[in-house]
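These are the structures, in structure tokens.
In what comes next, subunit A is part of two complexes: it sits with subunit B in the first one and with subunit C in the second one.
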Partner chain A sequence: MTTTAANSGSGVPVLEARELSKRYGRKTALDNVSFSIPGESFVALLGPAGAGKTTTLRLLAGLERESGGDVLMDGSSVAGLEPKERDIAMIFDNLALYPHKTGFQNMAGPLLERRLPREEIKERVDAVAEKLRIAHILGRLPKTMSGGERQRIALGRALVRSPRVFLLDEPLSSLDAPLRFKLRSELKRLQREEKHTFLMATPDFSEALAVADTVLLLRAGKIVQESSPEDLYACPVDCEAALFVGSPQISLLRAVVREERIHCAGMSSPLPASLESAAQRLRQSGEDGFLLGVRPERVRPLLSPSSAPDGKAPDASSSSVGEVVDIESQGLRSIVTVCRDKEQIGMFCSAAQRAEIRIGQSLAFTLEDWEGLPAFDRITRKNIVRQGAGQG
Partner chain B sequence: MPPRALTLSGRILMCCVLALVLFPIFWLFMTAIKPPTDWNASPAIWVPAEPTLVNFKTLFDPDAIREYGVGGVSQSAGDAVFGSLLASTVSTFISVALGTFSAIGLSRYSRGGRLTPLVILSGRMFPPAAIAVPFVIIFSLLGLIDTYAGLIAVYIAVTLPFSTWMLKSFVDDLPREIEEAAMLDGMSRLKAHLTVTIPLIKGGLFATTMLVFILNWSEFMFALVLSYSTINTIPVQLAKYVTATAGTLYGVQAALAVLAMLPLVLGGFFIQGHLARGMTFGAIKQ
Partner chain C sequence: MSAPKLEVIGLTKEYKDGAVIAVDNIGFAVESGETLALLGPSGCGKSTTLNMIVGLEQPSSGDIRIDGRSVIDVPAGRRDIGLVFQDYAVFTSMSVRENLAFGLKIRKTDKAVIAREVGKIAEFLDLWDCLDVKAAHLSGSEQQRVAIGRTLATKPSLLLLDEPLSNLEASIRPVVRRELRRLQQELHLSIIYVTHDQTEALSLADRVAIMSYGKIIQVEETLRIVERPGHVQVAQFLGEPPMNILRGRLADAEGGVAFVCAGFTVLFPDCSLPEQVRERGPNKQYALGFRAEDLRLISPEQGQWQGEILEVEIRGADAVVNLNFRGNPLKSVLPGEFRAKSGPADPELLRNGCLAGLALEPENIVIFDADSNLRLESALVRGSAV
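Entry: the complex of A and B
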């Protein structure tokens, strides 16, 4: 259970959850969750609504008592300590500003509680406000601010005191898309430049992949995968994780291995090296079928030879044909979904190709590179490639 | 939402409703300044030809009305006004203060489990008449009959469920994250509640205080059964103006009722500005 992100030198994680559990009555919100947050890292807690993200953050912050397990900061237990005794800042998903206080008073809150001298408070708030470019709204009440300004005030309120860890609960969820992208990159830059430690809960895989060093995938109160963003995308732990991460969704296609060739969706290819050991294990267990995870960027539509960029006609075994059931434009490119033998396969096409495709027509397509595709057991839905790689 | 202009039929309807509501109050004020001969004259006298303040004078000087040849109540209403002010004010403040903390406890910490709020409310479900006799017996054992301490204790007991429930709804409306953010800022739980929760439910506190005060101010039955000679309240005093010898002293009753309205009207004006909703606007998203 080690993370690869840079450590703050000592090797002891700043924040650690050990077999953390939380039950509300008979309902288990969090079930034996363990992870550690190294210093100066940006960790994302990714999961759908109700997975236990907020519960996790609230337990770490000390706002709720754990039903079992322990929370450690710098290696020592903080169980039973009040929120104010833990050096943690939290930004709530609803921001929770003081509605009756100005931007300045909101940001100064933590410093006033620490009884810092007035001049120092002003200095520190002004410095953070400068960094977040909100100096001009410090005199205003939250109700007169825009969503982005409130978001920055909430962030500033956490930043003025430079705590050991920042917990961010879906901090960008209510902002509109352009502002969300902007603040997201600002957050990342801030974390990197100031060497802060961030734990951010988010239901949005693209947000998690964009900012985090390490992603913890949480589902139904359990951490199902802890990995780098790249690994989460390329090698999801099971079918659900594969479907949750990536848009448009991954296609899970029935595949079999016969005579050292892999057959899938009417196409076949020599068995790629990445699947060799998995195929061998399948053979030993008397199985030969599994599910192959194919992301849309791996699939290429085959139109008339003139529109194929490289002009080389693929051989029959490496291409297949399906009926176009959906076309969704994304501007520069479109997502085409074809249906073949009750399986849906998504792929991207260019705007020029888009003009030639109609819903209901048949469309040839090819899977260009079979190397590194994730494969899943049909019954357990677990990643069989990853299992072989010795999953922690 | 900007105020919408009323249609003509709306205005007429509004005037009818206002007339219905305001007529008894108009009649009360007129009766308060009528001399005894006009009180129950037939046909009714709407506006007295010779308005007088003798009814008000009689409240504090019971013999003043004798020049009109009526009378029969020798007790000054001063005791009653004092008693009502004392009992209502003290019990209201204690009830709202205790109610605030029980509301926070119930709303934020689910103290006592999920059924507690209902159990508390069930205290309000007894008709006062059902518990009056036990109260009298217990209070006489405790020596609390005919004391303000006893009356105040009853008023607190009777209104506490009400203030708890009403304030709980205001605390429930306040996002708990605002307090939790304060705790993360470095406040203790108590300090967060005192400096964040309570200021933010100010509107609810004023409204609850007003309603509890009205309940206490107009309470009649407990005041009647728990008072003999030492303590007195306005509702009890009002009943004393019905005498066997002189019939009902309508004008004096009306005068006391007008006085009794004063604190409520003033209080209403005072809290009006604080009753606005939307105190927390801007604190949270949306």
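Entry: the complex of A and C
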């Protein structure tokens, strides 16, 4: 897979934020943020509430004036331009519909304002309605539609236009989970097929991973990581990013390297190649301890031989034992959390395995593949593997 | 045998003289110490059911029994039921201590007893440090803890939790779910947990009742309901992603079973029809359900059916591939960590618009009757036809 969608041809990004800042009085909402959005790409702006996502979108759209920095479209500054002059559409959560107008009339609104020919309006609305699977409700009034249908009409209303960039501010967050999943993949398909350029703000890492070509991780007004979804999950820039992305959460475990072996949570392994240069740098600075990021899918509970998938007993040094402190069912599988030496380690187990596990019992577990695990400095909490790859 | 903690029998609620049936002849029981989740999309009748149990609405027909006794004529507030809403409903102008004591105070409980009970609850819910803090100054999850504590202090015989986590930030929900599990474990409460979120239902309940359009369509043990959906709607609702469903007829064919859909036929090799299907004749319509986890992607030449890859949704530990199979949407879960450095197992396989071969083992197929939407007891049989 390509790393980012930097293949828009000309190489000039459609939209660019350059050292953008926004202060409200003494409070800095956005702190010297730079990024660019290539044409035809889907970029997610991911961050918790209060990180500055909406502020960023509002500055880009021209709804607020920046305190410093610049916004460029196709390479030229749009700093002085009004929102209407920027050729950007902004889509909010909870878009309102006109209750006395049909689905078609609601969607056609923005095009009627532009006085487009009737034929062209109908063509546009029908095409978008088809993509959003709402062609059959265009003749109905909003009150006769379900919540999901209303949200689709509202999205369709924004999407009938073809601006240079769409800014989407948590457009799906008011919907129930099943509908959210459905609509987000429809949005993704629409973006790709219509070759739209999307920047979508979301607090939900799973939404960002699912739809985006590139994820911008925003925290306290700063972009802390810009990467592909795969890279964000596998190589988070610091402990906080590692904990924010992924559910169930990653376990951050104390680890040391001694005589070319890594020791962690009572287990040990030959030093994996992915950690060699990081371990060398640690040694040079006189440190040997760090935090190892272990996601639950990497750990396997060890139960009676019959329930192990391959029946193979692992090497004793790569297994350990802890006390079961929590079991959370997810349906087909469960998440078991064990506590060992005041550290908590999460892992998945099957329904059959779950039947054998009780809270308070001791449970053996193993980490078989240590290759590619992220590692973090204990003090700065920064990823020490990424540094080696020359990443900032 | 003692009576169940709560029994709901033939409960119905009609509005506008029967023109609207919000709750349609439902029945279930909650055993003592058990947590039952009432799970369904918004508008399915969960809240109306809850309101009738609490006594805020009068049923059109049917009965509600607590400890074996009908409570239909017992007014709300006298049914010994504790209720916690999604919007906490703590008194923000009061301290945590006053909030926890509130229910006992209006019951004119002895002061020393109140102090003792509040202390116990505060200890249990880890609220000691903020007992004298005004509730307004607490975070959302702390306020929800106070709301639960205030309800627990009155020792209700049944606890109703109505979407208790809906207003909390996503990042804090796993923490609160874990607290609730500890609560269940240590206090052996009887709980009805109302939610539209399957994650909450599956992680907190012993059994799950799935509600849709006013009806309960399945009640099953949590550990089994995802694996054994009894109804097409349950299959299409549970699981992330839910089961794939294809509709068509089933027939014995040379070398296996033919699945005849509108416009195309799929052959499942090396298996035969179960007796139950054969007896019903060849013209019956079925819905076949299979998990995205069980639909494997292989090279297009190998697969005996092929789908077009629409898009790949990265989930972190795995990815969901959306496919177009002759006009039907299908999903496949690709296991394995997606590492940017090494890339997915076979990047050639995953390009948008590419064809992929699809493989499915017959034992992973669930057969539903397409008319009743109910699951058949039997499945495709391994081996050739007799």
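Some points to look at:
Convention: the second predicted complex is superposed on the first by the 354 of 392 C-alpha atoms of A that agree within 3 Å, B and C clash if a C-alpha of one lies under 4 Å from a C-alpha of the other, contacts with A are read in each partner's own complex, and residues count from 1 in each chain.
Keep this in mind: a residue touches a chain if its C-beta (ideal position, glycine included) is under 8 Å from a C-beta of that chain, and two chains touch if they have at least 3 such contacts.
Because the structure is predicted, anything quoted here is derived from the model rather than measured.
Touch criterion not met for A:K195: it reaches neither subunit B nor subunit C. Shared-chain residue A:R258: touches no atom of subunit B or subunit C. Of the two partner chains placed by superposition, only subunit B is touched by A:I88; subunit C is not. In the superposed pair of complexes, A:S174 makes contact with subunit B only, with no contact to subunit C.
When both complexes are overlaid on chain A, the residue A:M145 reaches subunit B alone and has no touch with subunit C. In the superposed three-chain model, the partner touching more residues of subunit A is C, compared with the other of subunit B and subunit C. In the superposition on chain A, contact is made by A:S228 with subunit C only, not with subunit B. Contact with subunit B, but none with subunit C, is seen for A:H100 once the two complexes are overlaid on the shared chain. According to the touch criterion, the shared surface of subunit A, contacted by subunit B in one complex and subunit C in the other, consists of residues 147.
Against subunit B, the residues of subunit A that register as touching in their complex are 61, 63, 82-84, 88-90, 92-100, 109-110, 113-114, 141-145, 147, 150, 157, 174.
Listing the residues of subunit C that touch subunit A in their complex gives 41-42, 169-171, 174, 177-178, 181, 185, 196-199, 202-203, 222-227, 237-242, 291, 293, 310-311, 313-318, 320, 322, 337-344, 347, 350, 352.
Considering their complex, residues 175, 177-178, 180-189, 196, 199-200, 279-286 of subunit B touch subunit A.
Listing the residues of subunit A that touch subunit C in their complex gives 1, 3, 48-49, 147, 176-178, 181, 185, 188-189, 192, 203-204, 206, 209-211, 227-231, 233-235, 244-249, 295-298, 326, 328-332, 351, 354-355, 359, 372.
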